[in-house]
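Single-structure report; data block below.
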Amino acid sequence: SLGINAVAQDKKKIAVVTDVGGRGDLSFNDMGFKGADEAAAEFGVELQVAQPASEADYLPNVRNLARTGDYEVIIGVGFLLTDAIETAAKQFPDQNFALIDAVVDQPNVLNFVFQEQQSSALVGALAAMTAAHYDYSKVGIVLGIEIPPLWKFEAGYRFGIKWGLDYYEKVTGEKANVDLLWTYTGTFSDVAKGKSSANAQISQGAGLVYNVAGPLGLGILEAVKDKLNQQGKEAGPPFMIGVDANQDYMGNGNKVLASGMKRVDRASYIAVKRAVEGNFEGGTEVLGLDDQGVGMSRYNQLVDFIQFGLKGDQIKEEDVDTIKDNWLEMREEIPHFVWTGVNELENLIVSGSLTPPAPSTEEEMKDVRKEYP
Amino acid sequence: MEFFTSFLRILVISLNAMVPITLAAVGEIIGERSGVIDIGLEGILLISAFTGAVSAQATGSPYVGLLAGIVTGFAIGALHGFISVYLKGDQVISGVGINLFGGGLIAFGLIAVWQTPGHHIVPASARMPKIDTPFGGISYITILTLVIVFLVYYLVSNTKLGLKINICGEHPRAADVAGINVERIRFFATVSGAMLAGLGGAFMSLDWFGVLTKELAAGRGFIALATVVFSKLNPLLALLGGFIFGFFDSLGVWVSSAAGVKKYIPWQFILMTPYIVTLLAVAGAIGRARFPDKLGEPYQRE
Amino acid sequence: MLTRIYEQVKPILNSFLAGLIGLAVGAIIMAIWGYAPFGAYDALFTAIFGSFYGFSSTLARATPLILTGLTFAIGVRGGIFNIGAEGQVFMGALAAISVSLLSLPSGIHVLVAIIAGAMAGAIWSLPPSFLKITRGVHEVISTIMLNWVALYFGMYAVVEWLGDPQRAEKSISAATTSRLPIMVSGTSLTYALFVSLAFSLLIFFLLWRTTLGFELRVVGQNPAAANYAGIKENYSINSTFILGGLAAGVAGALQIIGHPPTYALYSDLSTVRNLGFDGIGVALIGRNHPIGVIFAAVFFAGLNVGARTMQITAGVPLEMVRIIQGVIIIALAAPELIELSNQLLPAVRNWINEVKAS
Amino acid sequence: MPKTDTAEGKDTGRTLLRAEGISKGFPGVWEHLILNEIDFDVKEGEVHTLLGENGAGKTVLANILSGFYGSTAGKIYIQGEEVELNSPQDGLEHGVGMIHQEVMLAKPFTVAENVTLGTDDSDFSYPLDKVESRVYRLSQKYGLEVDPTVRVGDLSAGEQQRAEILKVLYHEPQVLILDEPTSLLTPQEAQQLFKVLRGMADEGFGIVFITHKMEEVMEVSDRVTVLKLGKVMGETDIEETDEEELTEMMLDEKIPIHLERKEFKKQSTSLSVEDIYVTGPRGNTQLNGVSLDLHEGEILGVAGVSGNGQSELIEAITGLREIDEGSLIIEGEDMTNASPREIQEKGVAHMPEKRREIGVVEPMTVGENMVLRDYRDSPFSWHSVLNRSAITNHAEEIIEEFDVIAPDIWKSETRILSGGNIQRMILGRESWRDPEIIIASHPTHGLDRRAVSHTWELFIDLRDSGSAILLVSEDLDEVISLSDRIAVMFEGNVVGIVDSDEADKSELGMIMTGA
């Protein structure tokens, strides 16, 4: 036995198991935690977080929690936990599990997958039009390690850029030449690589850089700040584009133009809610633009995530108003038609008349790269 | 022209990338010249990045943070020096332990202090200002590093103290009979070397990245060790080595960002280049390094 | 007589004392940040020794560490500071996955996978060996650099060559015929453990019962004497590298074919990362002896395994154990810890008395 | 500088340094004392020689007097005042300087740099030119010719020695201790050194001169103290004693040298060295066209002042050193630059001079060291697997036959064996096969009398049964009593070969010094 829980528990418990990126990545894992945390507060349950030090800890972490039988639901944040959840789900058929970003076909596992290509398409279109507006010749994307979930981001972004440029031409009558710079850094942890990649992209003419590498965004933001410093400016362009969470508040609110959000927090909230209310069932939920599972960041989420930033000690209370003002001002600067365009693209996708590519194999990804260079 | 400005930009990036490696390597050179090897550089970089960030944030002053990094280097250097110089312990083992300890402490500290297991952004008020150039910001620490390199070079090749350090590594008995306190010199060299590594660590969190992550050092401490071998214990060559590595590291990322290149060379292979170039440089140009005769051996009079 | 016994058990006492120092420093650090050290250690040790499940997990974790510990230990015996296990493990793992593409009967498939891993590890140990022998390039440089090259190469191979068509965050999983079965159901302990143990014994035999091992140790201890004894130094250096590479390669293979649930490499190679570096610590705690390495690996792994529970029950971040492991190794560096403490203790006692008196 | 009050005369000189009841033991290792209640003093203007065999404790005493070692018991007085010397620095500050047996100069640095090291200028000033000119002036004054701007590694042994003396003189000591300063010098250099020492004594220095060579004692001393196994055997003015008395004090007993041997008849040549040239690490010639033949059933002694190429010759013959020119023929086969293993396989045994450094692997067990060069062969290994019981038997035999004192074959590290026991072990290991050829370097160095005669008998037996033995030794008595012929080396060459029946010590000495 684990030699714990000798005391009778009056409070129900839930658990979040993160992947090796761990909490504090300001995106994926933090979002999983955020949703569970909010749900825990709302439903009066106790939240336990288990972090791994390495891949070898995934299964043991899940198993250790499941063995106690104390948890209403155990949420695995990230596809890296797929096999761990699957194995544990078979071993503990009475335990509820939720899995984010991957699918395990077990009756006691509720899976959540996201249509990241959709949100990426939106920020891609935004990036392309903004770049064209400010006369930049490039937009950039910095990615972590080359894995299929990242392909969806990359593909959606490429698709969005193309759509955005077409739209720009339609509205302004000018043909804009905006090319894509893309970098796989091979890491989700070496912030320096985020910075040097973004530095390289900005120097080569990129006006916006999309962060698809979790914490490397911190490095990207640094590169943006460096460039702004040089130009003696406070606010972008160049801009960073955030990912997963709403990262708009970072950099004082005027350096991250928007974030391609992926609401992992909603997924974990849903999982907890169902487990606590007793209507938990295995299956797969696909979250997309239509149900706000993904999307481009807007003002109300900014406010929400400022709280998150405060909690994580990333920003100070006294800066909150400045951040909000800066953010509004930053967005005002962008011509109205750009936002209209993004909204139009969103409607097209939601209605199903446009489908950004979501490659799942190397081959498919190659085709996407060919089609949207 | 385009090429030229790109080049200058890469250069500016490389100047940052060079700093922690060079500082750690030059510090190590002082220690190794005196006969003490410290392979715990990675650990020192990590711990001082952490203590530097904590102190800078607590006081709101990056300078206090840098000082804290240096003091951390001092403390760890003193521990390592005490074990290897006074207790005549095994220098390699101690260094390995320091690396492990450092990796644990920063990860633990992130959670303990900021409740974030992954990463912490150092607030702007606690970060070092930069010198702006059209090609990117240059850190004051970069300039300080250059100064330190030349000072250390001067120290080891042109001063009495340098001579003492060298002879303690080469022939400690000779130093001893000449009336030099071998243990004190070795301890001093170890500690001051570790202080430089400490500065390098604080530089990473307070200046270069402005961020603390548990893998912040990302192997730079080990690269510094390789640079020491590359340099044959010459601080100027260590600077060159640190720069070469920083340059190819930055260039690799740069090139892999350029459109088109990836069609021909996968990014993974581009990212290998700094390591391969360093290896080839050592194998082709540098060859066998000569270390002080008594490097790694504790000195015992009787 | 008593003194002789004392001399015999002194290394063990020293290691034990180092362990205590590690735990004490860990406790202090925990206390500083407001964690409860005793609760943490209670959870830690109950998790390691309190149950069959816990101990099985420990052995599972120890399995690859034994081998990477051996790589470093063999290096020390042969006079090489070989920190290349990290990269060699990657290569071994890749090779073991590659042979999953073949279809073979199960027993043979396992064997083929292990051999392929071993070969790959050994091959990756050749460049440092070659560079050292021909160009005098210090192995610290070459192994560090090649670790990185192997890392990026592995990332490439996992995506481009060995990618799982359904789940490209990882490579294809080892073919079921090439997997080592689970030994204790409900745990991750597989028969891989026996491969590790057998390999340790093999290395023990090789080092102390064969002429090759004899030569290797002579060269490691005293190259000049080796030359006098007619031993070919370069041959021996090369053997040292290769043996170490074999061990690390097998570790990589076992981490694929004997490591549930995934039996595959993630594309960031997290399945196998840090095993090589942890092996250095394991070797040092095990005093670079193949049998010592086994116990050290179990100890090292035990701390890691216990930490998982400590995190959940005592709320102490699991990184705490790295701190403890680090302090233990630092303490091991100080020779004659026991004697040192004997000398220090009276001093401390005197000091306390003085303080009291004043 | 010491006072040069020549009027006072040396016998009435003030006592500069006095040691009373000095005892010394080393922690852990030693149950007996290395020095036992030693009294010793040195006066202004005299050369006081410390005489004793290897291991008598001369160096340890000197180290204590100079502050390098601490003593377990005893007191040291300088100029009548009791002092505590905790470091060489203390010694120098009280005017005691020591020239050590091993070279205490860092080779990659110049003479002046080595000297500067000990001066108390600030750590950052670097008054090299000042030091250089001062060293130069000192060298002129005492006739110690050395260029202060040259790297120590590029100096000859004699020059290094002079540099050492200058380094110490720089501190203006009153007492100068020289530990076997002549061992690396050519006779001429030694003569020159004696002149310098006498001159310095006349100037008022107190000089402690350490040696185990009788001729030197008679030549240079005013007073002599004889040490044996850590005890003072006697102290006397040189005028009141003679060589014979001193020898008796120094040694246990007179060694009877009557070795029965078969008559030597020239048989086939086992080994021949033809016009060999060997270059040292800095391009200096170390062997300069050496030729010699070694025959079956012969002991060929090689005599010479150390540093004249004996070590290099042995290393060239055993494959440990590259031969630039010339050839090495073993049993009729050209073995020039063959590997040590190939040479060993031709039946050449080697008892090396540096026994701890290359003769054994100290951290390995006694058993393993017993087969260090034989482990490849049956019965010690079979298809690459070591046969422990065969090795155990073999080791036990050698231990038995050669009186090796070793606690345990498989548990004891060889490092804990005493020097003499290590040598016995090597003798046993290298001789058990009755090898065709034996290359022996200082085989009895550090052995006690009984072991010496045992070794000598062994060598004669081996010779009588047909082995060819090349014997290098500094001990002329040994060379003369064992050898059939004696080759004398000087400056990297064989300058003469004498039949041992016709050889006498003084004649050999003449040849050794190039006369």
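Letters are used for the chains, namely A, B, C and D, taken in the order the chains are written, and counting of residues starts over at 1 for each.
Convention: contacts are C-beta pairs under 8 Å (C-beta built on N, C-alpha and C of every residue); 3 or more make two chains touch, one makes a residue touch a chain.
No experiment lies behind these values; they were computed from the predicted model shown.
By number of C-beta pairs in contact, B-C leads over the other of A-C and B-C. Computed centre separation for the pair subunit A/subunit B is 35 angstrom, with centres defined by C-alpha atoms. With each centre defined as the average position of its C-alpha atoms, the distance from subunit B to subunit C rounds to 26 Å.
Subunit C and subunit D have CA centres that are 46 Å apart.
In subunit B, the residues that reach two or more other chains under the touch definition are 107, 117, 214, 268, 271. Looking at subunit A, residues 51, 53, 146, 186-187 sit in touch with two or more other chains. Taken residue by residue, subunit D touches two or more other chains at no position, since every residue touches fewer. Checking each pair of chains for touch leaves A-B, A-C, B-C, B-D, C-D. Remark: subunit D residues 318, 320, 339-341, 344-345, 350, 352, 357-364, 368, 372-373, 375-376, 381, 384-386, 388 touch subunit C in the complex. Against subunit D, in their complex, subunit C makes its touches with residues 208-212, 214, 217-218, 221-222, 224-232.
Chain contact summary for the complex, subunit A toward subunit C: residues 1-4, 20, 48, 50-57, 59-61, 63-65, 67, 79-80, 82-84, 86-87, 91, 102, 145-149, 151, 186-188, 360-362. By the touch rule above, subunit D contacts subunit B in their complex via residues 26, 66, 68-70, 87-89, 92-93, 98, 100, 102-109, 113-114, 116-118, 121-126, 167.
Listed in rising order, the residues of subunit C touching subunit A in the complex are 42-43, 46-47, 50-51, 53, 57, 61, 152, 155, 159-160, 163, 165-169, 186, 188, 259-262, 266-268, 270-271, 273-274, 304-305, 307-309, 311-313, 317-319, 322.
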